[in-house]
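Chain IDs A, B, C and D follow the sequence of writing; residue 1 opens each chain.
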Amino acid sequence: MPPVLQLRGITKRFPGVLANDHIDLELEQGQVLALLGENGAGKSTLMNILYGLYHPDEGEIYVRGEKADIQGPSDAIKLGIGMVHQHFMLVPVLTVTENVMLGMESIRNGIVLDRAKAARRIRDISDQYGLEVDPEATVEDLPVGIQQRVEIIKLLYRNADILILDEPTAVLTPQEVMGLIAVIRSLVAQGKSVVFISHKLKEVLELSDRIVVLRRGRSVGATTPAESDERSLASMMVGRDVILEVPKGPANPGDVVLDVRDLVVKGDQNKVAVSGVSFQVRGGEIVGVAGVQGNGQTELIEALTGLRAVESGRVELGGRDVANASPRSITEDGTAHVPEDRQRDGLVLGYSVADNLILNTYYLAPIAKGLAMQEAAITDRADRLIKEYDVRTPTPLTPAGNLSGGNQQKVIVARELSRPVKLTIASQPTRGLDVGSIEYIHSQLVKKRDEGAAVIVVSAELDEVMALADRILVMYEGRIMGALDAAAATKESLGMLMAGVATE
Amino acid sequence: MDDKTVASAIANAVQQPKSGAPTPKGQHRRGGWLRQLLVPLLAIITALILGALVIAFTDESVFQAFGGGFGRGVGQAFSVIGRAYGAFFSGAFGNPVRIISALISGQGAQIRRAIYPLMETLRISTPYIFAGLAVALGFQGGVFNIGAEGQYFIAGLVTVFVGYAIKGLPAIVHLPLALLAGVVGGGLWGAIPGYLKAKTGAHEVINTIMLNYIAFRLAEFMLDANGLMARGDGRPVSPEIQPSAYLPQFFPNQVELRVNVGFFLALAAAALVWWLLYKTTLGYEIRTVGANPRAARYAGMSVARTIVITMALSGALAGLSASTDILGVLHYMPNAFSSGYGFDAIALALLGKSHPFGVVLASLLFGALRAGAQNMQGIAQVPVDLTSIVQGLIIVFIAAPEIIRKLYRLRQPVEGEELVTVRGWGGA
Amino acid sequence: MTLIKTSAKAQRRARTLGVVLLVSALAILLLFVPGANAGQTTTFAFNETRSEAFAIPELAFPTRAGLYLMAALTAFAGAYQLARGFTRQGAVLGIVAGLFVLAFLTWAARGQSMNLTGMMKSSLLRAIPIILAALSGVMCERCGIVNIGIEGMMLSGAFLAALIGSVANNVWVGLIGAMLGGALMAALLAVLAIKYRVNQIVAGTAINILATGLTSYFSSRYLQKYEVLNTPPTFLPIPLPGLSRIPIIGPALFNHTVPVYLTLVLVIAIQLMLFYTRWGLRTRAVGEHPRAADTLGVNVFLTRYVNVLLGGCVAGLGGAYLVLSSVARFDELMTAGKGYIGLAAMIFGKWNPVGAFGSSLMFGFADSLQTRLAILAVPIPSQFLLMAPYLLTMVVLAGVVGRSRGPAAGGQPYEKE
Amino acid sequence: GGGAASGYKVGMVTDMGGIDDKSFNALGWKGIEDGIKELGIEGSYLESQQQTDYATNITQYVNQETDLIVTVGYMLADDTASFAAANPDVNFAIVDFSYAPPIDNVRGLTFATDQASFMAGYIAAAVTKTGKVACFGGINIPSVAIFMVGYEAGVKYYNEKHGTNVEVLGWDTAANNGVFVGNFESTDDGRRTGEEFLAEGADVIMAVAGPVGQGTAEAVQAAGNAWFIGVDADWTVTASKYSDIILTSVLKNIDVAVLDTIKSASASGFAGFGGESYVGTLANNGVGLADVASGAISNDIEDELEDVRQGIIDGTIDSGWETYLSNL
């Protein structure tokens, strides 16, 4: 019997970019096909074409052996194709039910929405595949992990049997990843076929039946987990050898730079998000903050950087209490901050790279003399940093919005780490980035440490925390469940703490 | 090394787009400003043509002529249009032949008569420039100031008060003082919605609209026939301002040639706003808050403070449009001092793409339109309201250049940066 | 711990409410009582001249006694709130606010008489065009198209209502003409905003300027020359059998023209459609996250076109009301900024039809109140009375409503690829 | 046409209300149209949209060698004066204003409207059944207030004579305050305000707000059991569809004054009026009262009205405005 899905010579050009270059792809019934590739390799584009969001310039698509003409998502849906997009496609203010039923609403006596019916259907589906969600919940109140489930339920609700999952694990915690993998397995078990996109080689090796690697829009090879390992896959993706663990010598901690005592911070729905946290960070060490998303890490960092009010407690930076100090004074005290959401907080997408590189130093000499800003100084700095931090941008005047996510991140890293600082705070520094970029940013953080700065790294990626940190703090429900030495830490021990289980 | 080459490949590709294809979003293009001007020019011409059709097909004589045969109809239509637009252009720019001959003759009276229309255009565009700058500055800072009209009233009140109440000051002191009064008045009135937005999140669009009505009533109260600022001759108008507060006229004691130093002030203001926005730290803050308030906060800027400053500056500029009208043209302030600048200003800011120099050009255009229309009304009995029609059309065509391109079969141009305004209610 | 904190906050809020109530009681005593001297009586009338509602006697009472009573009631409410605390605090606040206004009227009408029914009625009628403007805004903005062109749409609606209504000499044809007028301008907005992805504020502004120009131009060219083109017939009030006989609210609510009833029906209808029908769900989805809707096969462009056009029709109705139900003629700029007030009402009402209705009523009431006070010769300069509604809005907005958030995709053009 | 004054150019500059304001702009233009018909002069008008347009429009006429420029409304007084000074060989006439000291080549056309509205008030007081009569204005400016002052005075005078106690809603001369809709455009405001008055029991309403009054007339017609009093022109002519509810109209014969000015100026082609200015009164028919709706008032009242008119003309009755001004 023919493959459920066949792509032949798919080509897609974007202005200035050959996103997909004659890509062939086959997906067998009941299999998991992993699609690997650097950022910008063309994975999403290819899948968007399959789902009818983009139209290919060349090439044909065959579904269950028959040539398919996919004009838009509705065609794809009719063909039983469903897609979970790299960036969630959920309407935050609507309920789970509304989000799921949107587009194929069930209707009562003629015109009235039949929410109850849809909700029932959703419950059935979640029972069947072990995807618990509350159909009445409003999506924006749900943690990403659950939102992920809603996305999958959307597919199943439409009886899709070809499932495309574009980087579904990028935002998930280890536990959630486990859960997702289990779900995918049960889906496959029930005869569905899955295309699974990820940068995380471990998952790919664990989950997939076949692996196809894209590079620069071309398919550079297919393999199976059996025939490959992380290193080989990585070099296939990047086209060169890459080092997977961070090369760093032993830390030699100096004196205390940051001293947090009994810190209490409120979250957005002004319920306490950080309740009585105390810890210290010394110069010359990297402290990793691990934890399932939404356990107070975000609020903790925002409080440390002055972006969120401190209810009570002390935050001593180099001896000075900076609790509730303004973000600016904290920055000026020598704090660098790589924010969690680069596009929302870290950049002005409409500004040129050069202008983004002075976002928090625009008022200081030599960038500004009094009220007047100094063109020359700005461009000099831009040229220097773009070279030094290897930011891939056509020109310093290119709007940051046109850079790839990874390069956007590099702009922020360049801006923050190029300043002389006592304390460096990096939240999710490599989320959604490819190995190349990850490698680079990690090395920069280590470099900062070795220069004697205190470094805090918050990440949902256990691998990252373990690879980078000298000490690891695990947060659970606004408290620090435990602090352990990176050397002593194991995935299991951390996992327990993250789940709120205190070790002895 | 390998993926360096990839990057440079992408980079090159992005830098030299294949001809015809638009470059990736937001790619800037230096030079080619002539082509940049082509579309707006065609937009204006197209609008004028449509305006002409409106004139022709609402004119009885044309219909009668059509009664006497198609040819005669068309002929009549063209003569009507010709008459109207003849009047329009001579009203906006004057009659070149006449100007030349006047200049040759070298007679003051003739020259004045000849250049009068041009001067009138400049005079009308003066307040437009200020008001347009006000809204444009707001857009840059992410606030939508529909309150220019209200700021105009308040500024007018304080300006005229300083103008007539303070006596015996030398001009070098009095005039700047009166202007300053306008700046302060407009600035404060603008700062109110700014403050409310910053502190309570109350939307500036509502508040500026509300403040327009309030300001209007306040002015009405003050200038009431027996109000606090009434002249006392039974009319609801303020006293005349002291000559020491007059903006110097280009043609002293020529009642009809009222163009004055205010025009240069407007140009200076445009230059100043440009410098402020693009060359100073404050401008950087304003634009950052406008583009991404969260990033601004992250960067240690005080969003609230910046919003208030932006609105205050915006109000101050709007205020100056009143001050120049009063100190340069009217020399007093009447009740029901309505100007309509409030909404024209939005159009001007948009036409000028929220860029100070763009605003100046747009204002000159609107000035010419109004001057021309006034003349067209007199000579060809075409209702002045035609200007609004033409203005509206111009905005449509300039905002949607694709229409023009389709119309004239132009090829897709390199995309300029998207114009800076508030999108929707922002809610920032 | 969390619980304790929040409940502590709740307690604080409750206490402030109590204090507020006491203060307003005090205000009644200090502000109004002194103004009224012992002998004076206040008379509230409830009967409309020649309405078939059962006449009920006027309510005449000694001003001071009345004021003391209201102050007492308010004070009691405050005391109870502080001692025990009401369960439904919102309602209490509403009632007491009403009491305060009543006290104000009692003071204003001291030694005179004032017709409350008439006031209710005119509040509603003054609100109608604002409601329709706000509804038009809601329709458009819920699908992500910001519409500041409402004023222009109303104006062209009014113009065509007068012209077509006069020519056809038929109110219904006039009504259709008005919707057409609104829809025409809306179509322009839709094409500019959706097809050409023009900044929607720009498009709206263009429409306002264009509509003003067109209507004024053609009215001075034709309507003024030939009166026959500007004498449309008008809808006559249709008392709802039975209901209109109910005293007080009967004449106020149930004896109106078709456009008025239509407006009230529209408020309910649009509210229900938005939240209980497929169309509503898709509209809201498109307004919040068009791409998400698109990936589920919802036609974003179609949804937006339909909504904007409907919104235009509603705005046109606003114009129709002015012409066909109120003044029976078109005049240049006759909408006099009601479109913008409607915009404010929409935001004020948090983009909900019913909310918009409420805030529009507030404008209507303030407006009618201002006239009443002037008629009662309250010693406040007319200009300040005329300002009152706008001041009130600002205060409420700053104090009570504060941040209101529109549909997330509002103002963003949608592009595929 | 083709009369003595053919080729004589008259131009009119409107105030911001626009030519169709159903008020002084419209009436001023009527005067010129009459001049065109009777004297065969050439006439045209220019609308002003802003105060700064006044001078622009006057300049246009000066440049077109216009013989007589009529400026409508006291708002144009300053510009008219300065242009009159700058162009001594051009004749000007301004409605609703007269200069003190007078300017040689400007003729001020003012109107003792209070005299006519006094009589209207008297009639209103006579016909009311509810004992409440009303009036309101557009914006509180003298040319508006003067109607209301006279109106109230008329009602008071009726009360004296008949020992009645008719109330005036909407204006209080003593307090110098009243009901104003705040504009001259929104006919809807006119209707609503009219309804407010009706609800408060008034059964005669005078609207001094240009076109806004038409909304009020609509309200009165809908109510059916009340009267409307028009101002400026005879509303049974300009708004004939309301004839059945129009009690009378307070005439402010701007057209007569303008035509009169055109005549004298065009006849004696010389520049200037020697500072002579025109004051419209009951005596010279510059102001007056339109026919009262037939059967609305008894013959006795008709006779009393005649006495009132005489009294006002020979000054034995104070129609109110002068005292009002002196009390400010």
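Everything that follows uses one rule, which is that contacts are C-beta pairs under 8 Å (C-beta built on N, C-alpha and C of every residue); 3 or more make two chains touch, one makes a residue touch a chain.
Just so we're clear, the structure is a prediction, and the values are computed from it rather than from any experiment.
With chain centres defined as mean CA positions, report which chain is farthest from subunit D.
Farthest chain from subunit D, going by C-alpha centroids: A.
Report the inter-centroid distance (CA atoms only) between subunit B and subunit D in whole Å.
The computed centroid separation for subunit B versus subunit D comes out at 37 Å.
How many angstrom lie between the centres of subunit A and subunit C, each centre taken as the mean Cα position?
Result: the chain centres lie 46 Å from each other.
Roughly how far is subunit A from subunit D, centre to centre by C-alpha average, rounded to an integer in Å?
76
Going by the contact rule already set, what residues in subunit D reach two or more other chains?
Where subunit D meets two or more other chains at a single residue, that happens at 140, 182.
Can you list the subunit A residues in contact with two or more other chains?
none
If you look at subunit B, which of its residues touch at least two other chains?
Touching at least two other chains: 217, 220, 224, 383.
Taking all chains into account, which pairs touch?
A-B, A-C, B-C, B-D, C-D
Sort out for me which residues of subunit D touch subunit B in the complex.
By the definition above, subunit D touches subunit B via 16, 44, 46-47, 49-53, 55-64, 74-75, 77-79, 82-83, 85-86, 97, 139-142, 145, 176, 182, 325, 328.
Which residues of subunit C touch subunit A in their complex?
Answer in residue numbers: 1-2, 5-6, 9, 276-278, 280-282, 284-285, 288-289, 291-298, 408, 416-417.
Would you mind writing out the residues of subunit A in touch with subunit C in their complex?
51, 53-55, 72-74, 77, 83, 85, 89-94, 98-99, 101-105, 107, 111-113, 154, 270-272, 275
So in the complex, which bits of subunit B are touching subunit A?
It is residues 1-3, 6-7, 10-11, 13-15, 17, 21-28, 279-282, 284-285, 288, 291-292, 294-295, 297-302, 417 of subunit B that touch subunit A.
Which residues, counting only subunit C, touch subunit B once they are in their complex?
Per the touch definition, subunit C meets subunit B at residues 141, 146, 188, 192, 196, 198-203, 205-214, 216-218, 220-222, 332, 337, 340-341, 343-344, 347-348, 381, 383-384, 386-387, 390-391, 393-394, 397-399, 401-406, 410-412.
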